[in-house]
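Heads up, the next two complexes both have chain A, just with different partners, chain B and then chain C.
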Partner chain A sequence: MPKTARPKTAVLAFQLAGCEYQPPAGDQTWTGQLLAARPGAPPASAGALRPRCVASRPRQLCLSARRQQPQQQQSAQETDADTFDVLQDGTDHARYPPLERLPASVAGYPSPLPERALKSAKLAALHARLSLPSKIPLQTLARALVDGSADENPQFNNSNLAFVGHTLITYHVAEWLMCHYPRLPMSIVFSAVQAYAGDKALHQVARSWGVETAAAPGGEVDPGLLQFSLDKPTTTVLKFGYKRTEAAYLEKFKWRRGISSRVVFDDDFGGVVKSAEPEEEQEDDDLEEAEEGLSPSYTSYGTDKTRQIAEKVHANFARATIGAVYAHCGREAAKAFINAHIMSRTLDLSNLFAFKHPTRELALLCAREDFDHPVARLLSETGRMSRTPVFVVGIYSGTDKLGEGAGPSLDLARFKAAMNSLKAWYLYSPGGNVRVPSDMLVEDAKPWEPAHIDIGEIISR
Partner chain B sequence: MTVKALQQLTTGRNGVGAFILQCKKMDIHYCDWAGSSRGMNGFIKSILPKFAAANPQIEFVVSPRPSKHPVVIGHYINGREKAICVRNLEPLQILKKVELLRDASGEKLRKVNKPVQSVNESVRGVWSPYHGNGMAV
Partner chain C sequence: MEARLLRRPAATCCHRLLASSTTPAASLLPPVTLQFPSTGARHKSTTNRTKRALNIAPHASFLNKPSATDRIIFNPPSSAASVFHTPFKFLPKTDPRRRANLTSLFASSASIQFNSPSSSASDAAPAPGTTEDTLPPKIGGRVGRTHHMTKEDVLEMRRLRETDPVANSVNRLAAKFGCSHLFVLMCCQAPREHKEKHVAAGELVKSRWGPRRRAAREDRKRRLEMLFRGEL
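What follows is the complex of A and B.
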């Protein structure tokens, strides 16, 4: 057998062309200095953003501890003795050399060193796939991929970027909804914002970007993989909101939370801000059960709990990417990115409504707006005496037809018609070309034309 | 008694807003010795650098597979993969195969009968027997 040459296994270097590190211009928010001093943040969040135990962990003293690694790494590479071999399984290293020679020190870090981002083909491919501008360095994208559960140092994980991204996404979604559907009730707005910017939706966005996850976090993993730990989920609070003093009793006694208090106290989706510390005992039980395969919900895709964690981590990666776009490229680029990846998703708002007493509500609406009292009229019917009758009922206010609905009984058809009339009212839109307040932030923007502001939803008794 | 909200989820449509190339990674396997890899070796030397530079969204991994036919494997965002054996092909023929993998969506191949597939509801609406003038029997 002829002698085979040394195999050429390599990551092609030209894939990384044009992605060299460029220092951020202006406000260097991504170092986390400004966000750490965020006013009005809940105490748990402030604690998570503050570098913990600085004295006991000298590597957290400043960024330079890890940023100064390149020189050390090169010296370590020269002395081949302490090189950390990834493959220790009896592979012939002369014939199959490992792709990347890593110094032994990397195993001591919870996440890959920032300068390794420049050598990761996965990361460069992800950068190109998202069409991110070259202003965003690969190091920042690599940082967006490190969850707080993988590296709890806020200078190296994505918690700060994700907070910025979350704020931007919810702002743009909310202003778009308010300008395009000015009559939406607040509960529907909360639900719609969650449908666009909630964990589930952003998880799907991150998945559609083709990001892969690392099996376990560590200093030696490829920086292009999403790194998080299922064992100790992060406690960092990434949403803005206040912890209610009565939070413990809300579930216990099923206390009512009014919409106005949700606007003031709760997070962007109208949900209660839970305490940051997870209930550890119960979690341990779940994980143990999962490992033993005892839990009925355990599948090859993990348990419900692990899937929930992964969902949150993916969503935070998507948020952190948008935070990175904002930090390096500014407001307009971030808005364009949000429009392209999040606002372009489809949602049928009429599916969000659940009415309890539609006819009563419609009557109140007509009374409030000085319309004639609504009257239901049978428009057409078929098979009244059969097993499957259909009635079509229209609701009229004077001579104006407000809505129409079909159903298998007269009452149901009337309710359907009332619901359709209410939806027609609530889903009024001034048109697709309405401007949103953030359009005014562009230079030489045309003067602002006041948006339609509704007097509010129907409050009924 | 005010209106309650149900929870729904937005659906994404690739290409509306942003387009994400569905092929995320391509494994290119060759053999130094075997004759069936001659075209593949030429492809790797002469065409692949330009192709990879033109398609930065895809991660290319070139690795040997001694004593085996050359293979190109495309990995897709939906988790599937497509493998094409390119034994005895010329470099330009291999380029065609690689372009095919790049442009594929990763879905299973299936026949498309309808000219338009959309999540939007029809503009004209669905025909209803209860509206209009009815049908003369």
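What follows is the complex of A and C.
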């Protein structure tokens, strides 16, 4: 019996801690943030904004005191203008005035205050660039830009939104793959989901949105910058999956991880769910080495490790954005956003395949489907006696050609033809306009026609 | 590269001249004057000679050779078929494309029933009139399984292999019993001494390989792996 680290049903409850629905009060939004700070609004709304903390709830679930900061701050701004210089670092502020005049208190916070989101040009530009609906407030977009390593407080970082976003993306990608390529083997499905929804792909998506990173996180940075810390990567769990009891031995003894067990235990990409603690120390060591210039892989772009962290953070920002779209605009808007930004990417599924014994696998397939035994036939050839011959071999089952391949020898051409035949089997698609189950959630949807379900894989991996 | 592009019209001209000339001496000349030497050496002693040797005339299909009849030139040749085009046989029973292709379905079923009534007629849709005889030649040896070996055969095979593994080698047993060598390997175990001797002989041969032969064999292995990963 595997130890369940994160029970699936309870995750949403605690991951969304602090995001529970608040009844509308004044300008309060879904996440309890200020929707828009009206310039002339009286500060009397402070009472309405005060979090409704039930005494029995744990303290973490209450809204933080940082939420009331805007009111206190405004008074501070009016009273003493001397505390504006944030950094006491010896800079000549008369000659190099700070771009934004901030109260001294902001330096005490790990991430910029929510109300500063309304004044950030970068954030407004990003909001407009992504054509986000006006229902999504700038504060939520600002929160999506704060990684867990920058601000540990889950009420102010993007871990909750990223978790929702990740779940939505993998759901839509997986259902699309299942309906459009019903015969894909599970290992290929895992890699395809990773290719669409993995860190690398979403990192590219986030980069294409034109997000810049802050040099270091802090309360004084522009809220339109992606904030994360390389020194202490976040340990927040953003994926489903069980921690295997034998996880420590998998790498050590090269234990086999079957595809079926990956479906049950591992995360959405078929990867092992690891505990973060031992890795963290390693990363720290690497970082220290990199700072001292000892690591040979250190460049001005950082080390492999830092790049990996940045990649993950960018991906989480993209996920959090989709989580924000879902939270504020609902299911359909989130689906449209995912279709526009993630499913629109091109992935050549035929490149994901790798075979071990293609001819044997094809023979098994033909035996299972009651086709005639596959036969290799020489379609054409050139330069048999030369240094560079080319043979074109076709694989036939009965009188039907299943596939063909060209190669420099009869055997290689035969293998290639068998691989092409197998790919043609696995990459069967019922067509481009197949409906997916989530299409049924729309009102007035036509009755559901069952999707094609294949009987299963040819060989177990 | 640029030089070759420049010379192409020249080669065309040359070819036209040769084709139009009526003197018997000219027609006896080879059709393409710039011949690549048949030795296949890619390097000469000097750069100039190498360049001249590598300067191959363009393929005949590149030259717009005047001809009496119209003909189709496949240049560049047709590309490999896309794996996203599912063969008719691989379409599931419920697929609308199968129903849309009813004519070829009936045509093929008639021809197949005529040839081999046992085969599943509904799965095939080749061109009408295609038979096993009109298909291209088979490659490889025996295909398919015959399941003709009995338990006594296997026991006999094992006994022979046990008693004299040198005389009854795997290939000889396979030929004798009419099965594949893989089947022999699955059934029989040679005595330990014979196996060790065999391995030692193999190692001796390998130790005599020079660096080139070794590298070539490693490359071949790597190429096969690349092929299986779809990189070739």
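Annotations
The rule is short, and it goes like this: the second predicted complex is superposed on the first by the 376 of 461 C-alpha atoms of A that agree within 3 Å, B and C clash if a C-alpha of one lies under 4 Å from a C-alpha of the other, contacts with A are read in each partner's own complex, and residues count from 1 in each chain.
FYI, contacts are C-beta pairs under 8 Å (C-beta built on N, C-alpha and C of every residue); 3 or more make two chains touch, one makes a residue touch a chain.
All values derive from a computational prediction rather than experimental measurement.
Residue contacts after overlaying the shared chain place A:373 against chain C, while chain B stays out of touching range. When the two complexes are overlaid, the chain among chain B and chain C that reaches more residues of chain A is B.
Of the two partner chains placed around the shared chain by superposition, chain B and chain C are both touched by A:355.
With both structures placed on the common chain, the touch criterion links A:228 to neither chain B nor chain C. Once chain A of one complex is fitted onto chain A of the other, the partner contacts of A:406 extend to both chain B and chain C.
In the superposed pair of complexes, A:416 makes contact with chain C only, with no contact to chain B. In the superposed model, A:347 lies in contact with chain B only, and not with chain C.
Looking at the shared chain after the overlay, A:240 reaches neither chain B nor chain C.
Looking at the shared chain after the overlay, A:265 reaches neither chain B nor chain C. Once the two complexes are laid over each other on the shared chain, residue contacts for A:176 go to neither chain B nor chain C. 351, 353-356, 379, 406 are the residues of chain A that lie in the contact sets of both chain B and chain C, per the superposition on chain A.
Considering their complex, residues 40, 80-81, 83-92, 94-95, 108, 111-112, 116, 119-120, 123-126, 130-132, 135-140, 143-145, 223-224, 227-230, 232 of chain C touch chain A. On chain A, the positions that touch chain C within their shared complex are 350-351, 353-356, 358, 370-379, 387, 393-394, 396-407, 410, 412, 414-416, 419-421, 423-425, 427-430, 452. On chain B, the positions that touch chain A within their shared complex are 1-14, 16-18, 20-22, 24-25, 32-33, 48-49, 52-53, 56-64, 66, 77, 119-120, 129-131. Chain A contributes residues 2, 4-5, 7-12, 14-15, 17, 121-122, 124-125, 127-131, 185, 187-188, 190-191, 194-196, 200-201, 204-205, 207-210, 259, 339-341, 343-348, 351-357, 360-361, 379-382, 390, 392, 406, 422, 426, 457-461 to its touches with chain B in the complex.
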